[in-house]
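Look for chain A in each of the two complexes below; its partner is chain B in the first and chain C in the second.
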Partner chain A sequence: MFSLLIFVPLFIVMLINMPFGGIRKSAYILAFLLALAQIVFTLLAFFTPLSPLSSGRQDILGNFFNFRIGVDNLTLVLLFCIGLTLLVTLLTGREVVVDQRQRFNFVNLLVIAMAGLNGIVLAQDIFTMYVFLEIAAVASYILISFQKGILALEAAFKYLILSAAASVLMLSAIALLVLVSGDTSFAIISQALRDGSGGFPVKLALGLFVCGFAIKGGIIPFHGWLPDAYTEAPAPVSIFLAGIVTKTLGLYTLIRVVTVLFGQAAYISQILLVMGILSVVFGAWMALTQNDFKRMLAYSSISQVGYIILGLACGPGWGLAGAILHILNHTVFKSLLFVNSAAVETKTGTRNMDQLAGLSDRMPVTSFTSIIASLSAAGVPPLAGFWSKLLIIIGLWQAGFKLVAVIAVLASIITLGYLLSIQRRVFWGKLGSELLNVKEAKGGIMISAVLLAAIAIGVGLAFPFIPAAMLNSLSSLLGG
Partner chain B sequence: MLGHLNLLLLIILLVSALWTVLTRSLIRSAIGLALTSAVLAVIIFRLGSPLAAVCELSVCAGLIPVLFVSTISLTHPRTQAEKLEHRRGRLKRFIFLPFVALGLGLFLSLMKLPLNIPSPLAQRVYDVREVIWNMRSLDLIGQVIIFLAGVFGVVILLKEIKSHE
Partner chain C sequence: MNSALLPMFWPFCIFVLMILVIGFYCILVTYNLIRALIGVELLMKAATLLLILVGYITGQTALAQSLVITLIVVEVVVMVVAAGIILRIYSHTDSVDVRDLLKLKDKDKTNA
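Then we have the complex of A and B:
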């Protein structure tokens, strides 16, 4: 029944736009319930036995419409992250997007984006994946610019142009794969590639895919659009983009296509290692130099995504399991930091950290949760981020990339440095006279922050009790 | 002879695409788009996909430019001062493009890449209705959702700008 995760959002978008009295007013509640249902549904699927991984599961809608979807543990992690990020985005959006008409449009676009993201992770066909990728991308351009700020429109345009380039690269790669294998389904392409047909065109397709997905994922050196988009988008949209959109569009696709479809050849690992370490180091370095709260978080995202790429470069095993776990952890702590920035911006009217100080007295919950998120991002035990980074470092060490492992550990210190600079410049120190009347964020922002901080702490504390077999199963991917 | 025709079509495609993005007039840009799509349709037809060529010709070369021209006709033309401001330094931004394209072409030709792209495998020819409704139904649903997203984009970004005015 996983195809419901594509059809129900579509149905809800159509329903809330029907000209029935009062149905528009229910849009927010319906979207909220949809996000909640996806979280519950995914958790149930994860903790009930999935053996064999449910690629062959009967799907009534799939049978009716004659299409095939697939679910493995990576899919479930992503589906959970999509549900969680949507929930937090909606909660924050309720406080930030106050105009009723704008909020209605915002909810519509979020639900459309959700259908697209769910479609990407469920697709078992390279062209279907591309179609759903475009859905999420189109919804994202509009979400970034829906409040029509001039800088937001510029950021959305930049994202649109670079995404168009990524689309050309991906479509060219798909065309090459069709020429080699004669089909677009993962299973047939994978089989054809294992049979050794292809040669240079296959390598060319791989290169085009890596570049296309790297643009979508904002991986260095293809990150040009990301800092502007994250910074200029409305606060809840920044949460959505950083929490799940770039991960699904760039990282999930990279894992699914490059690692599973093409297999983990040595030259692929080398390419991923270079991209990963560049993202880790330069992202962290650039974050250190920022004054804008959200822009710093944007560069921080580039750096953290680099860790995921490094885990991916290790291939199946602890590295890949760590990468998948870091996707979940990054969703949690980066969404939390963006929620914190939304709270600060809403209450003080600025994101410039030079104009802020001493807010911990006025915003104790925001301050505390931002410390949790910062420590988790820096990989401080026993928070969730520590465990995923540890698995990635172990994976790198075992794979023989020892120098890269050392650099990744050292980059974590830079991460701690810039995230503590947020604490020092925004929350600690002497409160300025113009900030005396600032109060703690309430409602949805507060609930989001507490929920995400609880997950970051809970996953961290529960991690040592997770059986090794379950962790190993994270890197058992369909077709892998 | 046929090879020369292909080369000629590609050159026309390139020139019309460049004209589309470089011309100062939006109307000419829309016409350039129609011309580019029409040439592309001929290329697709010559590659053996008549249905895709017809779609390209009717939608991309026909419908979309008509929509663009209709929309442009509703806008106010630029003032002379705005035109001058826009013209200033415009070509400078793109002057490097032909050199980059030429350099890239030379580099790739000198590399002598083993571009032994395989010919398409012999396949059963399917009826287009079967492909769309039976074989690619999830893609069709995806297209519906993209269309919905596009409608929201137009409503949100264009309609409300009008209401602000």
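Then we have the complex of A and C:
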């Protein structure tokens, strides 16, 4: 019944826009329950055995709409991340988006984006995937600019133009795949690609896909829109974008199409390796020079996404398992850092780190959770980020990319450097006189920060007890 | 696949490529937001034409038609949102010129 994950959000959007009295007031609660339901549903599905890509399972709604969906472990990880990020975004949005009308629009757009993201993850047909991708992207353009600040509008327009160019590249690639295989479903395309010799149209399609997904995912050299969009979006939207949107739009699609559908050729590994290492190093380097809290986190996001790309470049094995785990971990710690930035921004009214200092006494929970997130991002054991980075680096070493592995380890030191510089400039030091009245963030922000920090610590501590078979199943079914 | 038609694919593709090049050129050189939007529209048209062409070559005209109709709907949604954003920008700056925006571009320079 996984198609419910697409239909229920759409139904809820229709329901809360009905002209009945009072239904608008319950919009927030409904969306919150939806996010919780998705997390519970995914966890239940994860701990009951599932055959890989069980697209043939009984799915009445899916059959009715002639709608091919499939579920595997990668899908479940992404679905969990979508639910978690949505929950955190809603909790933070409650504190940040105070105007009732704006909050109603915000909830509507989030639920539409959620339907789109779930659709991307579940789709078993490349054109269906494209349509859902466009739904999620359109919802996020509006989410970035719904408070109508001029900077946010500029960022949204930039994102829109680049994203439309990416769509065109992807559509051309889809057309070429239809030329080769005569259909748009993954099963038939992959069959045709395996039978055929892989002529020029296939290689062209592959290149177009890689460029398109790299634009959507904000991978260097296609990252132009990402720092602006993350910085200028309202605080909860930044969490949503960094936490899941670019990951699903860019990285999940990259894994599904390039690694699984095409079967990874050696030259694609080389290209991914170059893009990954550029993203890791350049993202970290740019993050070092920023004064804006959120802009630094945005560049850090590019750098962390680079690690995921490096994991993909290794192909099936430890590297790919590490990449998928790093998607989960990055969702957790980057959402947490953006939650902390939202707390600091709402309580002090500024994001400029030069004007902030010594907040750790005034905001102990925010300070503590942001240290957890920073250490997890930098890959300090025993936090969750350490294990996924370890797997990626082991994968790189085994695949013979030893120099890249060394650079990746060194870049992790730069990561620790800029994240600790956030701690030093925002939370440590002497409290400025104008910040004396700052209080700890309350309610939703606090709950989501504690929740995410608990997950980061919990996954890290529980990781050694996860059976190796589970990790193998993460990567092996993708290779097949 | 109708192999008799396959040699016709690449010559027809020249037209698609021409529209693509015009679209990208339009986005790259203009300072006008609405012209940039028209450039995006041209790009989408090139993709639509390619899908139709592929449908014709492979004989899958029904599939190509359904894809193209869906694509047109998606495109309208994107364009409406883009036009809305441009309207809002116009109400802020009283112009649709890119050079009146560019506030975000300097952010990295001033920080560095």
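Rule of thumb we're sticking to: the second predicted complex is superposed on the first by the 471 of 480 C-alpha atoms of A that agree within 3 Å, B and C clash if a C-alpha of one lies under 4 Å from a C-alpha of the other, contacts with A are read in each partner's own complex, and residues count from 1 in each chain.
Just so we're on the same page, a residue touches a chain if its C-beta (ideal position, glycine included) is under 8 Å from a C-beta of that chain, and two chains touch if they have at least 3 such contacts.
Quantities reported herein were computed from a predicted structural model and do not represent experimental measurements.
Enquirer: Which partner chains sit in contact with A:L179 here, chain B, chain C, both or neither? Use first/second/both/neither.
Expert: both
Enquirer: Which partner does A:A266 contact after superposing on A: first (chain B), second (chain C), both, neither?
Expert: Neither: A:A266 stays clear of chain B and chain C.
Enquirer: Let me test your reading of the model: by the given contact rule, A:I6 touches which partner, first (chain B), second (chain C), both or neither?
Expert: first
Enquirer: What is the contact status of A:K148 with respect to chain B (first) and chain C (second): first, second, both, or neither?
Expert: both
Enquirer: In the superposed arrangement, which partner chain does A:A165 touch: chain B (first), chain C (second), both, or neither?
Expert: A:A165 sits against chain C, while chain B stays out of touch.
Enquirer: Output check: A:V131 vs chain B and chain C. Expected answer is one of first, second, both, neither. What do you get?
Expert: The answer is both, since A:V131 touches chain B and chain C.
Enquirer: State whether A:G119 touches chain B only (first), chain C only (second), both chains, or neither.
Expert: First partner only, chain B.
Enquirer: Please work out whether A:D292 is in contact with chain B alone, chain C alone, both, or neither, and reply first, second, both or neither.
Expert: In the superposition, A:D292 touches chain C alone.
Enquirer: Touching chain B and also chain C: which chain A residues?
Expert: In chain A, positions 127, 131, 134, 138, 141-142, 145, 148, 176, 178-179, 182 sit in both the chain B and chain C interfaces.
Enquirer: If we count contacts the way the header does, which residues on chain C are in touch with chain A in the complex?
Expert: Interface residues on chain C, with respect to chain A: 1, 9, 16, 20, 23-24, 27, 33, 36, 40, 43-44, 46-47, 50-51, 53-55, 57-58, 60, 63-64, 67, 70-71, 74, 77-78, 81-82, 85-86, 88-89, 92-93, 101-104, 107-108, 111-112.
Enquirer: What residues on chain A touch chain C, complex-wise?
Expert: Interface residues on the chain A side: 127, 131, 134, 138, 141-142, 145, 148, 150-151, 153-158, 160-161, 164-165, 167-168, 171-172, 174-176, 178-179, 182-184, 227-228, 231-232, 286, 289-292, 295.
Enquirer: Write out the stretch or stretches of chain B touching chain A in their complex.
Expert: By the definition above, chain B touches chain A via 113-121, 123, 134-139, 141-146, 148-150, 152-153, 155-157, 160-161.
Enquirer: Please output the residues of chain A touching chain B within their complex, sorted ascending.
Expert: 6-7, 10, 13, 65-67, 69, 101, 105, 108-109, 112, 115-116, 119, 123, 125, 127-128, 131-132, 134-135, 138-139, 141-142, 145-146, 148, 176, 178-180, 182, 197-201
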